[in-house]
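Naming follows writing order (A, B, C, D and E), and every chain is counted from residue 1.
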């Protein structure tokens, strides 16, 4: 059959994926045409295509978009009905994460999560060890600022990183994800959230991170583009495990970036890891030949031809078959970071954490908090109200 | 007499000095504004020869270790095609679009400026209305329209509307320009036996040339830069124009190589700049006279 | 001469066909959508004026965004026009390299959309960027260009003013077409440079000022790229212009119906302001008036 | 045969303004007809209806034997020369000349021959490869003339072709055009001309006949001499002749002429010549017919201004509030000496009397 | 006192083009001085140096007793009327008149009074609330005049103020301006006028004195009559007078005048009048002094064209390839009957002889 597959990505992913679809296409006698672009505009294009029912047969979907495209589990083909896919390669958790309303809508390609990266060189220079708990962290921060200078920061948190840090703090305290799957409402009390927000505030007060305003003043430049990061003056961040190289590469003069397990609060009940499928493959419900598409998807994720060609271009694969086959391939630090993510504990993360409106509610409110327009309590209430409103639409 | 001469000389000298100062002030101002205007372009070209880490080390434009890496790698692209292919696609989109725009907008402008017909006011009103409407919202209905026409993944949606004088701005501009031209030559042509079409082709179009050139230039540059249109309507990579190809390697969640992007940006704007510099005289004449007659 | 009327329609045929098919249908379509709830995935659901009601009664973001937009337009347009006029006035002297300058000043308008420009722009206005470096050499304290909500909008405005080329070119052409003898008459009447500018030049430029005003206003109301690329609407939504809001609603939040209603409100505002401008122009625009043969 | 006939020709503009009020005029083949009249009297409108550039609202235009109301301009066998030349700015002179023939699909050789011929007649050979903007006014005018000539039309239409030229050039182009017309006629070519101008000198010197128009009406059609000597009405009398005819309220009683309080016996019996006896009369005297009287009866007037014209002097005088102009020889004026008062005597044989109510000349 | 003196006045344009070559001219207080000359002869440049609109490259301009080289135009006590009126198009007539006074900071009452006064003189009261575009040419010209008058300047400068008007209006404005000048003078106001025109009729009729210029040099400065009757050189002779003086190569031998192969005895001894004996002579005969001869000796020429001017006829004739123009009375021409050949006799007392090499009039 003639199939189309759409994805976003960078250079290496494009090359790998084209190879993979060629190989899998040949294997099953299908021709698969790749439609790919950068991340910018991909959502808009997919949205338009979904509205026009003209999306590709196989679509790479960002996991948080699932509720947008398939609120009731009917946006894409039901993958469980497609024989060709060997679902045994995924854990129940992965399958659950790819389901909407109980219908399997997307197959997790890889699992990703946030980990802490610290610039070991900077810590060494200040003669302090890399912290393991938040308490140590604050102490270390004080030492570094004292020894190396006020313009040294130990951490970085802007935009969604700020949201996820707040989330981390709350989850560690409460052991609950933002959304209660039972009620489909915010699981946290305003007080709990307020405490998380205050934690963020404390990071600023102690000089661990730069204030939101200072970040904005620099034009909200990406961390890896900042000269201060490259020079080690920002010594740590909380990032996706798969992005290790992006942050490690710009570092100058042989500085070393190390992935570190979750820092924990003294009274933490869990690691609070934010772990999720990084992206999923879905099959269009408008596909003329879903069976053929399923064959290709299975080939890409579970069969040697696909696995070999794709390699780690989408992170370390979630499929067991692929994980086994790839073995120790891939950068060791990325593997280490991924291992940390997989090992850490925490509640199941709901895709609503990254729902655009919910994310906007967090970022906007945290910004107001950072600019001193709200106190932590008010901010917490505002976030919870807004989030609940959004969630209500999905009842 | 000599006293005379001396006086004259003194006065002339003072006047020359004042003039010199005033001129100097003007030039300093103009040069500094000009520098600010052009700096981005200079920076862009300079940065495209920098290494990735150097790009972010400051706003200077001189590369410390010049490298053409960005160009070499960028040209290869991550696809089976080189950048040349994408230029060719851009060309395939731009050529019919520019030609279609020029022809259809000229016809529309000719009708509005030189003929009387029923509903003229309303139709001209529609030109203005299109000008005012934010285009974000018509995108989805338009997409569905083209889907129903079966034009997705072809170049048609990109240039057919333009070929039907869909770019209200150009129609408006040409109408303004044409209104400022006397109709005598056209009457002379009619007396010479030319019908209205011949008059349009042989007389009006040549006189409209400056405005038409700027229309073509604008259309050229806008189309070259247009990203959303091709993104939405084209799915096959082998049909991508350069604007889209430029974004191929930009995945904001993964690392990306800036110098390659900047290098390709330079290549992307080069045609527009070349065309602009080549035709700037007509271009400026065109837009200015199109605008003067409010 | 009869049939002339139909001939005109004949030449307009492509436009009319295009208008009916490619413009009118989506136009009406979006108007319809503005009365529906439409998430793109399921069929639009008719909700009457609910969208509009929500806009004007409950949507704080809309009000904020509307305010920002109006502020932006009312700052950008005069500033850009004034700057364009200022440069045009300087160029309007027998100087060498006029063509060169004119061309150089136009270049930003061409570069416009390039992402590289956005990147550079961030560097220029970063807290330790070029702009602040330049200010500090002049002994002026550094400015928080992006971090401060008020400044951020202004910085976006600067970006737009930087693209003053086409307005300037139009001004320049108009300036050059002013009859020199009017200046001479004023000189003989004893008017100095300043008074000549304000009493003679400026009134004579009102038609192009008006033209530029309308054009720039329409453009400013539809500004998207600047805030989208550089500030993403922040900080504190200080640069969250309506088109950005519409875009977010439509393609990030999938509220196409709601987005349509905002767009139509924006359309209405632009139209009303344009009409007001036209109406008021009778009072302040001096029309040369065609000397009919 | 290129007679032109206007029959009850009317023009109503879109704004319901009636510019031409049913004109009737026959122009003979080969005739040089001049339309003259003040600005806005619809000369151009009429001409443009003949050309086919303006829709005809009523009546008809006949060229040769054909009713042309519905023919496009290109089919009417006419050529037109415009006031501002209307040369195609993007074509060389050669291209301008060739355009009409090219449109008509003439072979290249024929076109070239025609261009060579016309260029020779008009002495524009050296200009053939220039663009219009590289031409002086007079040259451009000749090229415009060439563009008309080359088509060998039945009728030439001119709309104030000389009014953009300066006085000297105008005088020489005037002669050139009439010469050309004579030459065409001599060659037996169709050469009817309709020539629009607001300059009475051009009208007088160029036209075989002159059609004087006012506000969309024809006031008089006649040969120049006739117009000058026997103007049919006040309007024509005032319009034709330079300086303008003196027109004053006057009384004619018992062989005497009274202006204001002054009374003058007329040698001839002017009254006898009158075809009617108007309740109020306006007296017309051409400045040339109002001479300085050294002796005998005369009007006494105050000299207000004397314009020295070389051979002649224009005397501006004030006769009890009425302004009069008299043209006298320079020598004669010289002889007068410095004086504030002058004595003026009209030539009774050259006086015109008009009925003030309808303007009709009752002394023809 | 508003004498104007130009002393060694020079103008070199930026492109090193020398437009004015050291002019010396004294203009008396109250004098009406006309600058006349062909296009490009630097009339405007000179005037504009007086006005202060053009930088003075050398020499000086004195107005009254003050050297004004370095004064801005507004301070020179001058007013100027421009060819295209240069009315401020965005101001009503009233505003146009008031502008200069407002700039000078005059109180409103005074300005209003001045406007009323000037408007009355120029009969523009009903126009005060119109915009310039609502004015006809003549009205606009009067407003421009008013704008100059209202300032009560020492010197009025006019740069071809009438050349945009049609013939009739020009004639009447001509008179109006000279009347106005006389009136100002009578009121004892400063009223020196420098008036630039390229129209010799205007120059002749308006000027107290005329300064004929060519290519940045003064050719002759004299009263109109002097200029007409005794042109100092070929240039002035050809420029002044309408129609132009006939200038032909001729030989004067033994009291006989030869043109081409024809030879004519002169009654008077023209030769005796000559101040020099040029190697090559150019003969000048005004058309008015070349009359139709019914009998006696005369030149025979071919009549090529006759322009009927009402009272007179301009005869264009060809004398062995030389074009001659003669002005004759209409009646005289009538009497001639249809004929191709005419006999022309110059008036020997009015003949001018020029030295072809330097153009000097040797017959003065």
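Keep this in mind: contacts are C-beta pairs under 8 Å (C-beta built on N, C-alpha and C of every residue); 3 or more make two chains touch, one makes a residue touch a chain.
Fair warning: this is a prediction, and the values are worked out from it, not measured in the lab.
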* Partner chains shared by subunit A and subunit C (touch criterion as defined above) -> B
* Structure fact -> The pair of chains with the most residue-pair contacts is B-C
* Distance from the mean Cα position of subunit D to that of subunit C, given in whole angstrom -> 55
* Structure fact -> Per the C-alpha centroid definition, the whole-Å distance linking subunit A and subunit D comes out as 91
* **Centroid spacing, where centroids are CA-atom means, of subunit B and subunit D in whole angstrom** => 54
* Between subunit A and subunit B, what's the gap in Å when you average each chain's C-alpha atoms? -> 40
* Using the touch rule from the top of the page, what residues of subunit C touch 2 or more other chains? -> 4, 40, 121, 123, 256
* Got the subunit B residues that touch at least 2 other chains? -> 58, 116, 139-140, 144, 227
* Among the residues of subunit E, which are close enough to touch at least two other chains? -> none
* Asked: Where on subunit E does subunit C make contact in their complex?
  -> 48, 51-53, 72-75, 78-80, 82-84, 86-90, 99-100, 103-104, 133, 147, 151
* What residues on subunit D touch subunit E, complex-wise? -> 39, 163, 166-168, 171, 174-175, 178-179, 198-201, 204-205, 224-225, 228, 240-244, 286, 288, 304-305, 307-311, 314, 316, 327, 330
* List of subunit A residues in touch with subunit B within their complex -> 4, 6, 8-15, 18, 33-41, 44-45, 48-49, 51-54, 56, 224-227, 230, 240, 242-243, 245-246, 249-250, 252
* **Interface residues, subunit C side, partner subunit E - complex** => 179, 181-182, 184-191, 195, 199-200, 203-204, 206, 286, 288-289, 291
* Where on subunit B does subunit D make contact in their complex? -> 116, 182, 184-185, 187-195, 198, 202-203, 206-207, 209
